[in-house]
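In what follows, structures are represented as structure tokens.
Here come two complexes built around chain A, the first alongside chain B, the second alongside chain C.
Here is the complex of A and B:
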């Protein structure tokens, strides 16, 4: 049993698996309904569903919002790993609290407030999963820029979007080379297993030493290239921004999505006032 | 050449530090987001904490750029790229990470002094964890409006959060922040700076000593972080007040439904028209 557990965990930690999941999530779904929409409109939509549930307290409204964002998450075809993490996150935030409350002598009355809290957290995070997972990061960066977000942020998103696969591969290569040259301790006994785990963690820590040096070189190159192309002037220049953002276009689909969401929300508000 | 001060950092070098920290810490947090943690008894073992990366870089380079880079990296790589962006809560994380890393970076005047590096690393981690704990407690208190009324809830929140703080500080703080930082800082010192075209940090060229401004700035930033959570509480009364001026909230809601239905219909008509037009054009 114990052996199976460690093997299972080590299986999950395999960098290839993680990499595939991340890449699938970041690059895999650019043909969905959500991905085709205008990022500016989706950000407005997100602003509503990311903020309002925190302020609202009645269950029909929250439930309605939750159903809507669950539907949009389905439309965005989010990778399974992300949804799994979402469920784990929800449970660790509130389900755990419920268990401990019961331990400290609470009773069923604790379920009501905690249900509201869970619905709030779930709605807000599903809305964000829809937007940030469903939209392709480049588009997202453009949308943020249109709203006048700091240039640094949209630059960071675009940079991360392009560099992530490269960085992951490099990290994996360094790790593999450490493993090739290393001599892991025997891990048949329990003490050996602990030593083996410590050894693995140590290798990961050590791997950051060459990675830091490599990335330092690379970031210098990046910044120098950016400077050559006048990045810091372009970042504040309006003309450049206009050219960059000219690809954004609002379509009827966007309006339809927005008005349908509005319709649904107002129906839930009506229901909650009637009850 | 006296105009170019020794150790002074120019804008593009700051950008380099920013990009470097962002990429590295972002990558690390991406992994931690994906690796499930496992528990042995009540002690949680998770590879949760890669804070040693920005700590190391903040001690070697410009602390503010490194701190902002770390917070942005976490936001962009592990939240936005994975679609885990959590709204208001992220602001709090962003600010606490920035403060923790920045303070640790400013504490070190000479990266070769191991004792100084160790103390700074623990301070930065502890500060970040402590602020996280305070905000977490406040968050539950504010989100659950009748917090005190629910039997057993206050004690359980204090107990779990307090325990998580101690556990994180002892386990992640020492194993994943102190030891790697102590290993990396002296090794990287003098090697990584030339790659970015900078002078290594020494006592003479280090950023000016800590003044009263630092704690004040940190307090303000922390207040903003707490304020983001406090907003939730005041927002509830805001909505109540809005409903107050309407004659009856049911009528208002019915009006909203009608307006929304009209909007949907209008968009549908517009859509049909454009489709017709484009269809005619293509013919």
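Here is the complex of A and C:
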């Protein structure tokens, strides 16, 4: 039973699973409320929730912001792995201190600052998660382009998402070759386990060379196709940028979202001044 | 009107002394459907790249002569303008998809060339390629055939006069291949596009193309109408091109003592019916394969497997798969793209674990076997040989598994393997830089290095031209002596017929037929259901005599030739 359990966990964090999560994260939630919104508006929204919490120390305000971004994260239907990483990240940053302080009888004076810090980090992270995970990469790229980021950056974002699964697949195939043909050290004893870990790391390093060569071989076609399909042409043409951005439209939903956020933030500010 | 005019074109790649194309003169009429044939490295792909301006604008080198595409001189026109005249579809279809969704990819070029109606154009191209209704799909949801069609739509969206396709069906099963060619025919006939394909499958050339252009050593040997071109059996074979089997059979018959010497050779089964009509039935000879032991090598018991998808429900590959592979069998696993052939193999080497059910090697469950034990039992050669190369030279790759296991005499065995697979001179080269056939041979050598009891080969002849396929088939035939149980997943029916003694037909993850080749190909319902097609010569034989089961030209001649000989003898006697 125990063996089954460890196998199960290992199975879960296979590269295949990671690849799936990356895709899910990027494209799996294009039908959510968040995904339907205008990326320009969301970037403004993000500017507020990504920056302001750093400069605020007020617990009701931070708590309010946290609740709001938690809600938007829920709305964006973020992939499980990202949330898991978020929780691990928060806990390893400040959360464990908070828990330890609570366990060892820390009083409000100790807990207060820690809670503030944790809330800050959590709010900013969740706001980022909402934007970067809830929006699909192309919309995000369009939004950035509208604010004057170079076309190359926005293309890189969407192309990276296109390449990432391919790279992971390639990597997985090479690792499998090592698994099928390699001879890992036995890992029943503790020393064996250490050797096994070292072996694994070594394999991953070895896999790098074939990975790069295979990817380079693959991308030869891609580069030529980009040329034929006029990528270089588009990068220097203002007209193209205009056409691309013409698909961006502010809707009532966007305004509603902004005003609700604004309203909620005002309420929290009001509450904190009342207290 | 000529859509392409080439005068005295000579081109050599930068840094290479020998020109890839020499003194080439050609005129292609508007509305033609032209097939370019020639052996590997004869300059076919290079030639096609001169048409869309990649040569000389993107790939420099020595360029002499003149290429006119729809009246535009390629040297004076930029790649962008030429792309609207001549669209190019690469053989490597996966890597030419640039965008995440179908419509995005189809309209990408139009957007880049600042056409305001880009979306409309993308939709139009998708419609022409039969991908209507898939606009919002993500590219990883598409099947292999659909990805091909999307690559075609991407080039088509600019509505070029000329479409150039580099081996459009090399990786497809017959159903998908037919689909591609049906689309091409429609583009040619309804939309009046000029189509140029680089193609090895002469059966498709006979069915769909109008002209054939033979290239050899960077020169054009001739350009002829299809009917005429395929008559030149000997000349084609000299260049490693294999005319349709029907044509070869007729040619051999004629060369011997068959009927109507000097008559035009048939190029399709339809024409063959008339040609071979004078031949009556022959004797039935059933091939009897050596009886195999009943000992089970590996067994699938109630295996079910599904994998996660980006969106929605998991995709079920196997529901309740039961399969028994006996020792010493040579099994071919066939079925259309996506039927579960590769997945079956991945389960056998433990790369995937079944959700339910068990896989047992000689009664022992795979979950109780460690890597070492499993690697002695079974070995797998991937579909992409590149993924087999993990060292920096072929020799290192072959010896790797033996070396890390400290097998005594591994150097000796590596040398033996290099020799057996004719790789001795290439031992120090990086596997990735070898030619297609050499890469396959290297990957086979890697696969049998550990002398496994069961060898799994995933599409060993995919992406190879017909001549190299033959070579690999021969290699596989020779390997029969040294391997015990072998499983091949493949679309190559010629390989199936010549090599396998048992055929397992998969369709949507279920075994729908299992038996000898006569049992499988004799059952038209099942073959249609699974989307597999016997070699052309088999269909020819069946059309003449439903009792005839011939899988090779030789068998066909044995069957029908005898009687033909008698006929001519009688005629002579008269």
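Here, the second predicted complex is superposed on the first by the 224 of 275 C-alpha atoms of A that agree within 3 Å, B and C clash if a C-alpha of one lies under 4 Å from a C-alpha of the other, contacts with A are read in each partner's own complex, and residues count from 1 in each chain.
The rule is short, and it goes like this: a contact is a pair of C-beta atoms (placed from the backbone, for glycine too) under 8 Å apart; a residue touches a chain by one contact, two chains touch by 3 or more.
Just so it is clear, the structure is predicted and the values come from calculations on it, not from any experiment.
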Taking the superposition as given, does A:178 touch the first partner, chain B, the second, chain C, both, or neither?
-> second
When the two structures are overlaid on chain A, which partner does A:128 contact: first (chain B), second (chain C), both, or neither?
-> first
When both complexes are superposed, which of chain B and chain C contacts more residues belonging to chain A?
-> B
Chain B versus chain C as contact partner of A:20, first or second or both or neither | second
Which partner does A:224 reach: the first (chain B), the second (chain C), both, or neither?
-> both
Can A:263 be said to touch chain B (first), chain C (second), both, or neither?
-> first
In the superposed arrangement, does A:80 touch chain B (first), chain C (second), both or neither?
-> neither
Which chain A residues are contacted by chain C in one complex and by chain B in the other?
-> 26, 137, 159, 161, 206, 209, 213, 217-219, 222, 224, 226-227
Partner chain A, residues of chain B touching it in the complex = 11-12, 15-16, 18-20, 22-24, 26-28, 30-31, 33-36, 38, 47, 52-53, 56-57, 72-73, 76-77, 79-88, 140, 143-147, 150-153, 155-157, 159-160, 175, 179-180, 183-184, 187-188, 191-192, 195-197, 231-232, 235-236, 238-239, 249-250, 252-254, 256-257, 259-261, 263-264, 266-268, 270-271, 274
In the complex, go through chain C and note every residue touching chain A.
-> 52, 54, 58, 79-80, 83, 88, 90, 92, 94-96, 98-100, 104, 108-109, 111-114, 116, 118, 138, 140, 154-155, 307-311, 349, 351, 353, 371-372, 375, 379-380, 382, 384, 386-390, 392, 400-401, 404-405, 430, 432, 446, 450
Complex contact set, residues of chain A against chain C = 11, 16-17, 20, 23-24, 26-28, 136-138, 158-159, 161-162, 165, 170, 173-174, 176-184, 206-207, 209-210, 213-214, 217-219, 221-222, 224-231, 233-234, 237, 239-240, 243-244
The residues of chain A that touch chain B in their complex are 9, 12-13, 18, 21-22, 25-26, 50-51, 54-57, 78, 81-82, 85-86, 88-89, 96-97, 100-107, 109-110, 113-114, 116-117, 120, 124-125, 128-134, 137, 140, 152-153, 156-157, 159-161, 163-164, 167-168, 171, 201, 204-206, 208-209, 211-213, 215-220, 222-224, 226-227, 232, 252-253, 255-256, 259-260, 262-267, 269-270, 272-274
